[in-house]
Amino acid sequence: MAGSTLGNIFKITTWGESHGSGIGVVVDGCPAGLALNETDIQAFLDRRKPGASRFATQRKESDSVEILSGIFEGMTTGTPISMLVRNTSQKSSDYSDIASYYRPGHADYTFDQKYGFRDYRGGGRSSGRETIGRVAAGAIASKLLAELGITVTAYTQAIGGIEIPDTECSLEMMDINEARNNPTGMPDKETSLRAEAYLKQCMESLDSAGGIVACRVTNMPTGIGEPVFEKLDANLAKAIMSIGAVKAFEIGDGVKVSSANGSSNNDSFRMDDNKITKATNHAGGILGGISDGSEIILRAHFKPTPSIFQKQDTVNKNGENITVQIKGRHDPIIVPRAVVVVESMTAITILDLLLQNMTSKVEQIKKFYDK
Amino acid sequence: MAGSTLGNIFKITTWGESHGSGIGVVVDGCPAGLALNETDIQAFLDRRKPGASRFATQRKESDSVEILSGIFEGMTTGTPISMLVRNTSQKSSDYSDIASYYRPGHADYTFDQKYGFRDYRGGGRSSGRETIGRVAAGAIASKLLAELGITVTAYTQAIGGIEIPDTECSLEMMDINEARNNPTGMPDKETSLRAEAYLKQCMESLDSAGGIVACRVTNMPTGIGEPVFEKLDANLAKAIMSIGAVKAFEIGDGVKVSSANGSSNNDSFRMDDNKITKATNHAGGILGGISDGSEIILRAHFKPTPSIFQKQDTVNKNGENITVQIKGRHDPIIVPRAVVVVESMTAITILDLLLQNMTSKVEQIKKFYDK
Amino acid sequence: MAGSTLGNIFKITTWGESHGSGIGVVVDGCPAGLALNETDIQAFLDRRKPGASRFATQRKESDSVEILSGIFEGMTTGTPISMLVRNTSQKSSDYSDIASYYRPGHADYTFDQKYGFRDYRGGGRSSGRETIGRVAAGAIASKLLAELGITVTAYTQAIGGIEIPDTECSLEMMDINEARNNPTGMPDKETSLRAEAYLKQCMESLDSAGGIVACRVTNMPTGIGEPVFEKLDANLAKAIMSIGAVKAFEIGDGVKVSSANGSSNNDSFRMDDNKITKATNHAGGILGGISDGSEIILRAHFKPTPSIFQKQDTVNKNGENITVQIKGRHDPIIVPRAVVVVESMTAITILDLLLQNMTSKVEQIKKFYDK
Amino acid sequence: MAGSTLGNIFKITTWGESHGSGIGVVVDGCPAGLALNETDIQAFLDRRKPGASRFATQRKESDSVEILSGIFEGMTTGTPISMLVRNTSQKSSDYSDIASYYRPGHADYTFDQKYGFRDYRGGGRSSGRETIGRVAAGAIASKLLAELGITVTAYTQAIGGIEIPDTECSLEMMDINEARNNPTGMPDKETSLRAEAYLKQCMESLDSAGGIVACRVTNMPTGIGEPVFEKLDANLAKAIMSIGAVKAFEIGDGVKVSSANGSSNNDSFRMDDNKITKATNHAGGILGGISDGSEIILRAHFKPTPSIFQKQDTVNKNGENITVQIKGRHDPIIVPRAVVVVESMTAITILDLLLQNMTSKVEQIKKFYDK
């Protein structure tokens, strides 16, 4: 069954394998009249590009995007925007041996079980390169949200247990410039240096590390999210958990709420400058699945890269127990490159629900059609 | 926009408010030929019924279900199954005062912002009673999965930080009978007693508690889940996060993976009795968004009930800061009654994706149509 | 697979069989703030009620609707509106013999082939009573469209070849009051009398008749319809063809266009009172799948009722050729009762696409969110 | 809102404008294990290519397709198949003047109304070139159907009123080879010659013609179609009416049924060689929205090409009445090139519903999962 399309109004369809001709996305339902060009997209893609740091695979890909449709005279036309990134640095030979066995922690076995066989080159469709389509679409969603004054900001909050406390992660306190320029994506220089030391150690022991990517959305309108199944948090959870390697998702205080009390977890409403606000934000900006106007805060937990260079036990396609040692180019951690993916999936989800919310009231429909 | 429909093939549409005429669900796409009657549904509904324990609201509702369509001579016919539970114990007067202000931690404010006004009686659509439709549908999904040998089992793993360790939560080790009969839903008598003491304390201090519901799916076929957006874990996340009060979702090792190493987090494949299995199951039964045949393990973190009897700060509809003290019937914890909701949402999601998987291979389609 | 849900934003899910407990619909995505009560719905249902004329089955059903959710203090709340009509006049014994064979022109055989068996009482889900859900939803859509100044008007244009010419079917020329009160649904008294005579003749010869239902939508905004698959005409075609017994669908000049020339078929644009209009309307109000602001005109061709009282050849479930003579209560024509069904499906489709159109331009989204 | 995606299981997303970089489609949900290469697709595309006959635009496009993903070692992998056709023969200057006014019968005005502006070059997204994506997807659907023994065959039945009678259109009687090689697409040489003479006359008078494309599906399994909204005929209607220029759709006897009687319109069931068949096929192979195993027969009525070279009245963007004379390259009739488009849309729809039908019975699901 088709699984590569996401969204109702702002709808994206991604395609492509690691070692096929290319990777791409069709963004349909993008409203007309958004100034957009390839530079907007490329800026996002460059943030997930391989080879940018010593903790990322040395595969050299320019990952240049071509917009094939949907733009006329520099503006979106309301028709589908098709974007294409050619694969240029495939070394299929690197992967030829993995055709015969199932790498632990990878999707090799499950793809074979589902489809009968798989494009094993570089992981095929389950490669991290699949996220190129998500990021290209995310660039558009982010730009449109920016027009509405809404900003979406993701960053690395933790690597291998080395974590920036929540209390130091407000947008005011963090150094997002630092995050965009260091190899960890952490918005705190000192913590980043500790994480880098840890990662170096992982590499030396032929091991890999996981981490946490957090994301904050500011200036959110109230009312976004469609109960009871298309709630804002439910859709964010789906969008984020659909990213490879994410094993847990939190909104607001997340896992902490299960050991909290109502008296401390409830956020009081308060009037502030004639506007309803909340004294605290344990809820992460969502009540009853609908945005409450305060900051949206979410966290995604990424598992360590499954491709490690240690010897590992596994089975081959003949059903024999074997020991393997994976070769090739693999990041010891994917978290820094995943930051822009989390940001993109968040922006796509927020935008789609923001558009869906426009039909909530009869009064607004009458105003729209000027009755 | 419509948000009360979930699923592609096995599709549910829920409706109803806490103090309207009733609550219900239409289950469409249920395959024909499943033996089904109201007793099957009632057994599930009774597990979430109020008044069953001293930690649940004393509202007395029989919550009797009527099946209105889709069954003929005791079997599903393939046509939509409509189910109705009448509300019988509404005391709308209890809630009349909350019409004027926004309860902290509730959806009052966000519903007003989205729709312009709200049915404030008992929380309206954002009431926990909304889950009746989910559970009635879950009873059907569970029964059909059982026909395929698949079992879905949810239980309370933690209340207010009092937690049964993962290592003691295997289906073999836990006492599910205990869980189904004690007031906490915990499959361990000693831990349950400690949790009960804690809850008693919460009630005495007019406070509330949160907790963790875990769910395990055994005998899963491989190949279930549709990359890249309709992955099994992504859809489970959405389904579970769409339940009111859930603030975090975990698959397998969940939040622990972000501080783990690849060498310990990877699950080795092993041959066992001529079948491919995994030596461990950190992944929680899902690789690349597709089931790998091992147990599916997920955890949902519920926040403490927002309705507490302490005085709380909030604002009213006139935009004034006020202090309120909530009255009425409110559970000090919703976790025990949410167990069957988590189980239902899991079953619904698994079944829908299991049906979606049937068209993955040309070979199987040819076999189906006998070519 | 689920097939009983229609629409993206204004989404309806119908359920129910002819001889089950009842028939109903859940309308989800209806905007909040529409004044609505059961009288609004009942007025529509009464137009399709049996027993109203001598050409309709004498089954006596009050078809009283109960609104179960989604309304508070007389207004829609934005949450799902569930509506229920109990079946009260089932005489299942009438149908017991048809369990064993396949009625020509009916869905008996195809339901058996698809689902393995069927609820044969009164046709089960394939009964005309299924349209009750459509009409109840149509009443809501029509009322909301009326708030926007849009009117949807269906009528019988032809019965058994006795046809009111297109040129006499403008809303100005037709007598819609006549159509609503005579037994044919035709907006012309003289033609209606001729059709009545024809129908009487059909009944005498134990035969049945077909006809044409036309529908006109006035005061349409421009811009409604989403290329390239969710075009306005494509969705109208689907909605209308999903009504049992419809075998052809036309927009504007319909089948005539295939023998026309471009020079006569093109509608010239003209300025009229400072507004762009068209000199003619061969297109039926739709260009490129998008409304052009002129009247929407469509026609649905209904086949003759398949249940006739003549002897017919068929086969039974044992695979034997047999001759049967159908008993029971059957309309000699369904067209008059189908008028309100066509009107309802048209209104539902128009409304859904009208809501979808609200996100077409960035400029309007910025205005909506006041940026 | 997104409108360029069609289908539930076999899902296609098309994109592209007449004078942009290219046109394409993503086919998602195609089952794994279908042998497929660019030659399969090209064969279909060549059937709609411009310049093939004297009745088609002389624009010279090779319309060469590139498959970018979803194929590995000559087989579909179950992942999205992205296909790209570059535009190579754009002459944007030809169209520069139409930027300022609205061509009668075209979508210029409605696109402007909907989106605020339009890519006017060659009609942009509303160009006939948009069908390239449909046809590329149709080639895949047709190939998969062929594996199941199902054949889909479209042909021109009428041009400008010159029509091959239904009785001479059975697959046995028609000369499909003739249809594939003459300039009209008609499966009868003599009628085709008459139509050619008529078209020549149209061209001489600077006019255009419409016509009828019919399509027949043989060897259909029973049980295909999902009541009550996703019926086979309803989905065929939508798919065919979504093709530009189609103004009417018929199944089986189509518009004739409205003047027929039940006694003549009903198809008797008969045993034939131990199999249930029908003595006649007025229904066109569909009863109650579900295939009955006999031939599917549909007809699409195409309007005359709106671009004619006569002087026409219209308005310009300044709201002035003007007279225009369209230049450029335009077919006097689009019907012959639309044959493969109708065939493609039919195949896509049939396949999607055929896959949807696989989950109709519990018994078959148990068999699939071997329980």
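Labels for the chains are A, B, C and D, by order of writing; each one numbers its residues from 1.
In this section, contacts are C-beta pairs under 8 Å (C-beta built on N, C-alpha and C of every residue); 3 or more make two chains touch, one makes a residue touch a chain.
Model, not experiment: these values are computed from the prediction.
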Both-way neighbours, i.e. chains that touch chain B and touch chain A: C, D
If chain centres are mean C-alpha positions, then the most distant from chain A is chain C
Whole-Å gap separating chain A and chain C, where each centre is the average of the chain's CA atoms: 44
What's the distance between the Cα centroids of chain C and chain D, rounded to whole Å? 26
Compute the distance, rounded to whole Å, between the mean C-alpha positions of chain B and chain C. 38
Multi-chain contact sites of chain C, meaning residues that touch two or more partners: 1-5, 8-9, 14, 29, 32-33, 78-79, 114-116, 125, 227, 355-356, 359-361, 363
Complex contacts: residues of chain A adjacent to chain D: 1-5, 7-11, 13-17, 20-24, 26, 28-29, 32-33, 66-72, 75, 77-82, 84, 114-119, 124-125, 355
Across the complex, what residues on chain A touch chain B? 1-6, 8, 14, 102, 104-107, 109-111, 113-116, 125-126, 130, 158, 160-161, 202, 205, 207-212, 222-223, 225-231, 233-242, 244, 246-255, 257-263, 265-271, 274, 276, 279, 282-284, 287-293, 301-308, 310, 312-315, 319-321, 356-357, 359-361, 363
Any idea which chain D residues touch chain B in the complex? 8-9, 29, 31-34, 76, 78-79, 144, 147-149, 221, 227, 354-356, 358-366, 368-369, 371
